[in-house]
Each structure stands twice: as structure tokens, then as C-alpha cells.
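What follows is chain A paired twice: with chain B in the first complex and chain C in the second.
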Partner chain A sequence: MHPVLRAILYRAAQALLVALLVGVLTFLMMQSLPGDMAFRIAAGRYGYDAVNAQAAEAVRLELGLDRPALEAFGAWFLDLMRLDFGTSVISGAPVMDEIRHQLGASLQLALAALALSLLIGPPLGILAGLRAGGWLDRALLVVSTALRSVPQFLMGLILIVLVSIQLGWLPAAGYGRAEHFILPALTLALGLAAVSARIARDAMAAVAASPHYAFGRWKGLSEWQLLRRHGLRNIGVAMVTYLGLQFAMLVEGVVVIESIFGWPGIGHALVHAIFGRDVPMVQGTALLLGLGFVALNAMIDLTARWIDPRNPDSRRQG
Partner chain B sequence: MQRLLAPAALAALLSPVLPAALHAGDGVLDVVAPFEIKGADPVASGSIFIKMDIAETLVNADAEGRLIPGLALDWQPTDDGLEWRFRLRDDVLFHDGTPFTAEAAARALDVARAKPGLLETAPITEIAAEDGALVIRLSEPFAPLPAFLSEYRSLIYAPAAYAEDGSVSEVIGTGAYRVTRLEAPLRLEAEAFADHWDGAPAIERATYQAVGRAETRALLAESGDADYVFNLDPASVARLSGRDDVSVLSVSVPRSLLIKVNAGHPALSEPEARRALSLAIDRAGLAEAILRYPAAADQILPPSVSDWHSDTVEPLAHDPQAARNLLAELGWAEGPDGILTRDGERFSLTLTTYPDRPELPLSAAVLQQMFADIGVEVVIDSTNSSEIPVRHGDGTLDIALIARNFALVPDPVGTFLTDYAPTGDWGAMNWDSAEFADLIRGLARGEGGQAERDRAIDILQTELPVIPVAWYQQTAAVSAGITGAVVDPYERTIGLRQIRWAE
Partner chain C sequence: MSVIPTDIPLQASARPWSRLAGAALLALVLGFALLAPLVFPADPLRQSLRHILAAPDAASPLGYDHLGRSLTARLAAALRLSLAIAAAAVASAALLGVAAGVLAAWRGGWVDRAVSLIADAFLALPGLLLVLIVSAIVPVTPMAFWIGLTLVLWIEYFRLTRATVSRLMAAPAIEASRLLGFGPLYVFRRHLWPELAPVLLTLGAFGAATAIMMIAALGFVSVGMRPPTPELGLMMVELLPYYREAPMALLVPVLATFLTLLGLNLVAGGRRT
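Moving on to the complex of A and B:
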């Protein structure tokens, strides 16, 4: 079997297993959470001013919460087989719509942050790695350590105060227009760039110190040709693998930034869904996130395989 | 320093691509508040659609809580009080272009009353459309009915908004603004509705953004991104008050910080024990330290709710020594660890509260200290708000710290009825005052007046089924770029329809 096909089949099997595990685990976890589910849902729906025993009773009746748990799980699983995620017990909207909006918003923000961090981190890292020990390298070490050590919420607040309040250039928070992306994405990107710059720097320094790089220089290639032909591809594998990891962390970890910037993200949605015992929403979100990570891993594998000069697939194209 | 310079440098790099002052004067009125949009259903998020002037109720309330016409022009009960007739405006269109009729109002209210809410608790037997008027029939006289119809859950959508089973998937109101984009949970966009019965509003476009963090809301006011910001935290009020381009409005609201007491608890069943707890509380200190405004409650409702604030009751006081004496008279004596004991039982209580309002757990911690001072041990359990009705129901609640809104309808009698006549999930527990319940039910039927209300407050003050701690204020930051915004003590409106851009 072709190795690429085999890799894809392997990931597909993994996806199926993840779906099953996530479904069962989220269901068991939601069942084992403390408190009366009808009351928690009523509080999530109507708020603390209006939650009371009547509201909870109405919720219990409406959602049939008295039926056995296993029956509820069976119903969810059958719906899932038909690609139906059900409706949120809090908002009454289809879970798929809610996830599309909120996971979509998180993905957009994560992608923007990643793109921005790519513009900042790796170029600086490569420059620093080419002259390991130079002033840029030393300065970058200080700056990236500093950036990495600032907690994200603090970085977010610093940026808001500086850019929105002092300079008045960008909206302080909010959602809906292109300029709303910049501050939250930048907040995330600075933290990411701090690390990706270090990774790029180390990989570049290793490549630049290697004999084949020196040989390239002897045969008369300019520094730019040398970097393009023998440098970028070499550090690419490390970068792609690391970027994949970063992206996964981003989608999960933007909750704080989402809450500071009033961004409608999936982290926020998931937390509220758990508080409100919105089981279909929790199951749907966990499932999509799980599958998303499998897909992401598959993509990283394939990309790394394609970039890696030692790989037979890429040699054919190279 | 590099930490500070790096973002500044990056922002400087980005600046050429951004038009200056994007957010100021963009012709859109931006409202920011902590309340998330749960969906189109009035039961879930009606209060937001009322605030944004998207949907309307039959009856409105002014800043004093007096009922004024909304979609209904006037209303009248029959002599026996069993039938109310609401005459409706005949020049009203829904946002989908269909006319507002008595049938549409009846449909909307029937859906509302089938769902959990205040309307469900009113003694309504039938809602009908007759001769273009809306007729509501009751099983017994019920004076607060018009007030109930001013609540957000009683708002009127077009018939097309409701599915057969009463679920609501679309917002089709009659308000001065109509939704152009609804992105639950955080954002909605609206534009002026040209065919509004009161004429199109001055401001063309408005947005609503839910922002959960108080710091962010204050920053949005400070940066000029938001024109009207709801619910400021105490620290931000101080900071924003110093600015010229933002004014901070605040008003006393009929919401009280209360300790709900299980009067059936062995240690709390004597009124003297509850009075001792009340005497232990330094209300002025707590309000100043946590709410940061002078809001110590000396009875259940503030003077701004004039009908339900009694000038004759003896104000609640702070006197820890008197509290200790009261408890000693009840047979409590200090145990080896400083906590009072009686017949081998320690005076130890679990206080249930919820973090949805950040001041609650903080206040709970302060109360814990104050009660420890008179030898009462308190264990704080900060959990989901629904645990309070749950523990009320199964009898496991000792005490709870709650922020109760008495103005879900502008007439607090509705809240007293559900919470104290005789008990309620968010009011009295294992407390039964036949006199109080009779007074309140009488007032609800439209019988009695100020003397009866004063007597009712006096009963609460002496028996303390709940211990009042503080009165809330509502604060809002309003941009100098607009005029006409109001802070409504009943938290219904922001006056959006009357707001204009400042000259």
C-alpha cells in the first residue's frame, strides 16, 4: 500500500476511535457532574433572577430528563450516525449552528494569530540563527523570554491600554469587523512568536553550522540562495510540526483572550455549556475538537513528509 | 521596557493601514452590557430586546415605576376585577410588515404564559381578542396584572416568530429598531425601523455587544468604542468619573443584597437568633468596602421605591454586643474554639451563594468574619445559582447570600407574592406569617394601601425571614457623543429611542 494512503487510513481509524471515546467520555462526565441537571439548565437559560423550582420542573418535562441515561445516550448516538448533533438545551438552536459560529470565530482568531506570529517569529529567528551569538540573537533571546513570560491576559490589557486608549487606533474589544481581529490576534501572536522565533533560531543555527551549508557557500552560492536552497527546507520540518502543536494549543487556550476581548469563541461556549449542563453542546463541541485534532495531526504528518528532504515522496518532486 | 515597546512598535507598523479613529463617530450607537444573548425567545433574552428597543410590551413603566402606555393605549378592569380590557394601538407594524393586532398579542401572551415565568403565576384563565381589544380573564382579582405585562417575558412578537410548539426562532418585534444580524451569544446589530408607530428614531444603526468582564467593559467606555456601557465595577467607576468624554450615571435600583435564612433550622428558628445575625453585620462597612457606594440597607427596599420603603420601621442596626447578649439569652455559650454551642450543637452554618455576581462571594467572606465575631461559624459554598432553589426545595439550605431583584415587574408586590407569601425559592424559607401573606394577597387584589404596605414591611423587619444587607445601584458609562440616554431604576430601558448624537 502507498505510504500516504496508509497514513490516511490510519488517521481515519483513529478518527472513528476518537469519536466513540469522546462521545462516551463526555456523556459519562456530564452524568457524573454534581447538581440537579434540570435546575442547572434552567439557571443557564433564564439566569439567576428567574431560576426556580417551577422553571426547573418545566425544563425537566420539556427535555424528558427523567428518562434513563442510557436511553438518552442511545438517542444522541443514533442522531450522530445521521450527522445530527441535536439542539442546544439552553438556546434551542441547532448545536451545529452554534459550533459553526463559535468554533468558527475561534479558528479565525487562531489562524490570524498564527499567521501574524509567522510574520514576526520565524523571520527574526532565522536572521538570529544565521548569526548565532550576534547582537540580534542576544537581543531576541531577551525579548522572546520576556514576551513568553508575560501572562496573556496582562499582554492583552497592556495592548488595549496602549493601542486603544492611549493611541486610539483600534477598538479595545468586540467582534464583527476586520479591525477587531488585530489586538487579540497580536496578543496571542506575540506569545507564539516568542517561541517560534527560538525554534527557528535553533534549527537555523544548527543548519548554518552544518558541513553541507558550508559546502554550499564554498561552491559560490550567495547567502540568499544558500538559505533558500539548503536552509528553509531543513528547518521546515521542525517548524511545521511545532506550528501544528501551537495551533492546537491556540484553539484550546484562547479562552482568556476571548473573554478579555469579548470574542465569541468555543472555549467560552464550552465552559458555559458545562455550567448549563448543555449535554448536546458539550458532546458536539468535544467531538468536533477531537476530530479536528486528528485532522490537524494528519495534515502535519503529510506536510512534514512532503517537506522532509530525506523522504522518498519528496525526493521525487524535489 | 522592551515588553512595552514591542507592541507599540508593532502597532506603529500597522498604523498606516488603519484609518484613524475608526471607532469614534462611525454613526453606529454601540451598547455594551454583561448579559449574553441566549436566543430569540423572550423568556431567555427578552430583556435585551426590550433594552435595545427591538421588541415592546403592552405596558411600559417610567423611571418612578408608574405604568404608562406601551402597545396598549389604556387598560381597565371590570368592577369585579375578574376581567381586564386592554385597548391597543392600531397603527403598529411588526418588523415583517404585518400589522399588530389583538390576536397577535393574545398569541404572544399565551405562548409566554405557557413557559416558566411571572405570567405563569398570575391567575389568568383566558386571553382573548375581542372587538380589536385584548381581554384577559382571571380566576380572582389581580391588581398587578398590567405590571406583569410590562415584564420582558411578556413582550409581543409577530405570530410568525412562534412555532407551533411555542418555540421562537426569530425576533420579529414592533420596536423602533429591528435586528439585522443576531449572533448569539455576544452580538446583535440593528437598524432604525422606519415604520415605527412613534416615528423612526434619530440614530440609524445600533449594536449590542455582550462583554462578560467588567474591566473590558470599562476599557470600551474609556477608549470610546462603546457609547453606552452597562454595569461598571466599582474600581472603574472611580477611574471613568475623572474623564470628560464619558459620564458615569448611577441610580438606586430595587435590587437588594439579602441573606436568605432557613427559619426551620434549629439554630435559626427563633426570631431573636435572626436578629442577632442581623446585629452582627456592619452594613456600612461592607457596602463601602465591596460595593464602594453608601448602600447599607436599613430595611428590605431603598427609599427610591417609595411605596415599599417604610419611614416608620426601626432601622436595622449594627451592634455586635447586643447580638452576643441575644444569643446568650437563647442559651448559646462559647465553646472551646470560640464558636457558640447549645446542647452540644455548634452554631455552624453553611452559606450558599453564587459567583455570577462577583460581589457575592466577596461579601460572603466579609459576612463570615462578622459572624465569627459573635461566635457563629460560617462555611461558604459558592456554587451555581440554581443550588439555592434546589436546597430550598429539599430543606438543606442554612443561609444563602442572594441579590434579589424586586422589580422584575415595576410593582414589587409581584416579587413579595412569589417570595414571601408565605415562602419562595428566592425569599422566605420555612417561615409562615399568615398576616403577611394576607396583607400581600390583599394588595395584589388591589385592596389596601400605604398603611398595609408599611405593616408588611414592619413584619419583615421584626421577623427577618431574610436579613437585608445592602441596596444596589445600577451604573452606566455614557459617551459625551450622545444625549438623552437614561439609567432606568427598573433596568428595562436605556432610552435608545430618544438618544441623539450630541451636537
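Moving on to the complex of A and C:
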């Protein structure tokens, strides 16, 4: 089979399994809710005052809630595969509409954070890698080790206390204006940059120590020409491959950071949905994040192949 | 994940002094968590109006919180809780991951493909999301954290074990052992374990750091442990409103979290891949 086709097939199988996993987990979540499901749905339809045992029984028969668990799960999963998530238990709006709304806000924040981290991390890493063992390299190691020991929510807390409360420069929370972006994006970016700087540094140090780099210098290329022609493309593969992991870090960061800064995104909504046991919302969000990860990794596979067409199976990850 | 073939050491940070410093930090944190209740006996839940945000005294060298509870007792209890959950999750994740990894690499073929696919499906779900969903299924919060974190952490053990074992299975030493009729248990103990053990320690330290971060993060956004349980993230969010009156009180859980994570990261050495 063609390797590209095989990679795509593998990703499709992974996507299917992610959907199954989300289905099982949210089904278990539904089953573990306290109380009688039929009674609750009936209350949702007719209002809490008008509901009685008869109405609950009618709902039970109509929706087949008395079916055995395995059969119920089959129906549940079929709905999920048709991307029919139903409506949010809390707001009553269709889950798809809610998610579409929140995803925009989250993507804005995530892209701002990613852009900011790419401005901070890789340039520092490349400079450090060019002079491996130099003062910048050592300083960067200390800073990135310290940064990695600060959880993102703690970084958010520190920035709020320092910048918003002490200095009063920026709003601590909010959404809508440009200054609201700075603190949450910076919080996320610092965590990402701490790691991407290390990746860039290691890749750059490896390239800079390689014979072809020495040869380029020997034939009279300037440092800048050398970096542009022989360095960046080689680091590119490491950086692009690493983007997949960054995405995972970013999603986890977004869940917590949005709650802290009051950002109306998907992470904020997820925490609320878990808090209110809003199963349809949790299901939609989890499926979207899982499938997004698979799609992103599929793109990364193809991009890495395009940047560096040599032995394509040596670096599949995730 | 080595992308570029290289002969220079990538793990430049795995110096012995940093590992020693990390171990010392961890010993300090662990010592405090275990000894504080003996030296400064106090109930972490006992409130006292006379001690609201009081300065440190002989009974509690770290001061008191907004309800007059001893911060020394609360911090020690919070550290014990986080460290215990982290240790349990790392242990069960290592057991599950190593077993699955050896199975996949040893049997190969469709077993390998199936287990790898399951691991990749778990990998696609953000860890925090997995822990959150499990916490909504399992009613007892520490148990929910343990199960959720195990489901998150086993993947790294699996991937590493699988990669290491499938490299080793082709080695002549193992082929000779198997031809001589030694059982799988012997081969695992004699050939595989010595290669795996040092890397498992690194993974364990990173895993524990991840676990402690997640427990604190979920506590901080009020979907983790519930008050009045002493927990690092919860303590921070409880003390945040009193930041102006008692900045040192807020600093207590913040510094403890940072030092614990720093210790774990230093012990792990190297970089996370």
C-alpha cells in the first residue's frame, strides 16, 4: 500500500476509536447520574410541576429507556456517529450551535498564544543551539526548567496578581477588546515557549554539529546563509512534529486558563458542563477535541513528509 | 522521537548535580508532609475565630488561613493527598503501560496494531478532559483522580516500553535465551527490565508532576477536590481573595507546589519527549 494512503487509513481508524471511547465514557457518565432518567426528561418536557409517574412511564416507553444497557449504548453510539448530539441540558440550545460559538473564541485565544510562543521560543532556542554550552544556552536551561515547574493556572494567577492587581496595567478578566487577549495568551505562550525553545535548541545543536553544516561554513557561506539554507529546514521537521504535542498542551491549558480569565470559550464551557453534568455538551466537546487532535496529526504527518521526504516511517508519533 | 540522526548527547540537562538537587527538594517536601503532623499537631479542618489570617506562631510556623485553620497542618495534608494520588496513579499506569507494551512488542502482528490503536485513541483525548469525565463518573474524588490519571499516564509507559522491547527482541542475547528454553518471565527479568528500569524512573517523575499539576489545576477551577479538603489548588483559590491582607498565606501553597514540581522535574533530568 502507498505509505500516504496507509497513514490516512490509520488516522481514520484512530478517529473511529476516539469516537467509540468518547461514546463509552459519556454513556457511563449518563448512567452514573443520580435519579431516574425518564423522570428527568419528562420534567424537562412538561415542567417540574406537571410531571407525574404516568408521564415518566410514557417517556420511558417512547424513548425505550427500559432497554438493556448494551442496546441503549448501541442507540446512543448511533446518534453520536450521525453527529446528533441533541440539545444542552442547561441552556436548551442545540449542542452544535453552542460549540460553534465557543470554538471561535477558543481558537482566537489559542492562535494568539501559539503565535506569541513561536515568537519567543524557537528564536531563543536557535540562538542557544548555535552556541551549545554558551551562556545563553545555560541561562535558557535554567529558565525553561523553572517555567516547566509552574503549572499554567499558577502562571495565570501570578500574572493576574502582578500585572492586574499590583500594577493595574491590564484587566484581570474579560472578553471583547484587544487588551483582554494579552494576559491569557501570554500565560499559555510562556508554557509553550519553555518547551519549544528546548526542542529548537536540541534540533539546532544537532544540525550545527553535523558535517554538512561544517562543510557549508568551510565553503564560505556566512552564518546567516548557512542557517537559512541548511539549518531552518532541518529544524522545521522537529518543530512541525512537535506542533501536535503543543496542541495537546494548548487544549489542556485552554480548559483551565479560560476558566480563570473568564474567557467564553470551549474550555470554560466544558468546566461548566462537567459541573452541571450536562452530558450532551461534554460529549460534543470531547468528540470535537479528540477528532481535532487526530485531524491535526494527520496534517502534521503530511507536512513533515513534505518538508523532509526521506524515510517517512521513522517519525510517526501520536 | 529523534528526527535527526545525531551523535551529540541530546539530554544535556541530565547532570548528576541537578538530579541530586531534585532528590533533596523532594526529600524536603516529603519530610515536611510526613513530619509536620508530629511536630505541629493540629486538625487541618479546625477553625478558630481568634486566628483569622494570623501571623505565624509556635503552633503553626506557616500562619493561619481566612477561617483560622492552621496552614501548616493544611499544607502537610494537601501535600500528602497530592503525593499519594500521584504515586498511586504512576504505579498503576506503569504496571498497565509496561504490561501492554511488552505484550504488543512481544506478540507483534495484530495484537501490536490493536493495542497501539487503543493507546493512540487515548492519546487523542486531552488528559485533563479524560480526568474531568472520569471525575463525573466516579463519585469518590481521590479515586476518580487515580483512575483518570492512570488512563492518562499509561500511554507514555506503553509507547516507551513498546519501542524499547521491540528494539531488544531482535538482539542475539534474547534469541539465545529463548532458544535455550527460558520462559518469558526470565527473559523479561534478565534482558528487558535492566534496559527499561532507568527510563521508567524518569517517566515516573514526569508522570507524578503531571498528576500533581492536574489535581491542583482542577482544584483551582473548583471541579477537583471539594472544600473543606486541604488541597493545593483549592488552598490557592480560597486564599486569593485575601491576597492584600495576607500575601504570605497565599504564597504558602504556591511555593509548595512550585518546589514539589521543580524537584520532580530535576529528578527526571533530561527533557520530555
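Criterion: the second predicted complex is superposed on the first by the 222 of 318 C-alpha atoms of A that agree within 3 Å, B and C clash if a C-alpha of one lies under 4 Å from a C-alpha of the other, contacts with A are read in each partner's own complex, and residues count from 1 in each chain.
Basically, contacts are C-beta pairs under 8 Å (C-beta built on N, C-alpha and C of every residue); 3 or more make two chains touch, one makes a residue touch a chain.
In this text, all values refer to a predicted model and were calculated from it rather than measured experimentally.
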**Asked** After lining up the shared chain so the two structures overlap, which partner does A:A173 touch, if you call chain B first and chain C second: first, second, both or neither?
**Response** first
**Prompt:** Between chain B (first) and chain C (second), which does A:A209 come into contact with in this model arrangement: first, second, both, or neither?
**Reply:** second
**Message:** Touch test for A:L186: chain B only (first), chain C only (second), both, or neither?
**Reply:** first
**Message:** By the touch definition at the top of the document, which applies to A:G220: first (chain B), second (chain C), both, or neither?
**Reply:** neither
**Prompt:** Touch check for A:S259: first (chain B), second (chain C), both, or neither?
**Reply:** both
**Message:** According to the stated criteria, A:L28 is in contact with first (chain B), second (chain C), both, or neither; which is it?
**Reply:** second
**Message:** Under the stated touch criterion, which partner chain does A:I165 make contact with: chain B (first), chain C (second), both, or neither?
**Reply:** both
**Message:** Between chain B and chain C, whom does A:T145 touch in the aligned arrangement: first, second, both, or neither?
**Reply:** second
**Message:** One more residue to check, A:P68. First (chain B), second (chain C), both or neither?
**Reply:** neither
**Fill in**
After superposition on chain A, the chain A residues reached by both chain B and chain C are 146, 150, 157-158, 161, 165, 259-260, 275
**Request:** Note which residues of chain A are touching chain C in the complex, please.
**Result:** 10, 13-14, 17-18, 20-22, 25-26, 28-29, 32, 132-133, 141, 145-146, 148-154, 157-158, 161, 165, 195, 198, 202-203, 205-207, 209-210, 234, 237-238, 241, 248, 251-252, 255-256, 259-260, 270-271, 274-275, 277, 282, 285-286, 289-291, 293-294, 297, 314-315, 317-318
**Message:** With touch defined as at the start, can you tell me which chain A residues reach chain B in the complex?
**Reply:** 35-36, 39-40, 42-43, 45-56, 58-59, 90-93, 98, 101, 120, 142-143, 146-147, 150, 155, 157-165, 167-176, 179, 182, 186, 190, 259-264, 269, 272, 275
**List of chain B residues in touch with chain A within their complex** = 2-4, 6-8, 10-11, 14-15, 18, 20-24, 30, 32, 35-36, 38-39, 41, 43-44, 115-117, 120-121, 167-169, 183-187, 189, 207, 209-213, 215-216, 219-220, 222-225, 354, 356-357, 383-387, 389-390, 392-393, 403, 405, 408, 424-426
**Message:** Quick check: in the complex, which residue numbers of chain C touch chain A?
**Reply:** 1, 3-4, 6, 8, 10, 12-13, 117-118, 120-130, 132-139, 209, 213, 216-217, 220-223, 233, 236, 240, 243, 254, 257-258, 261-262, 264-266, 271-272
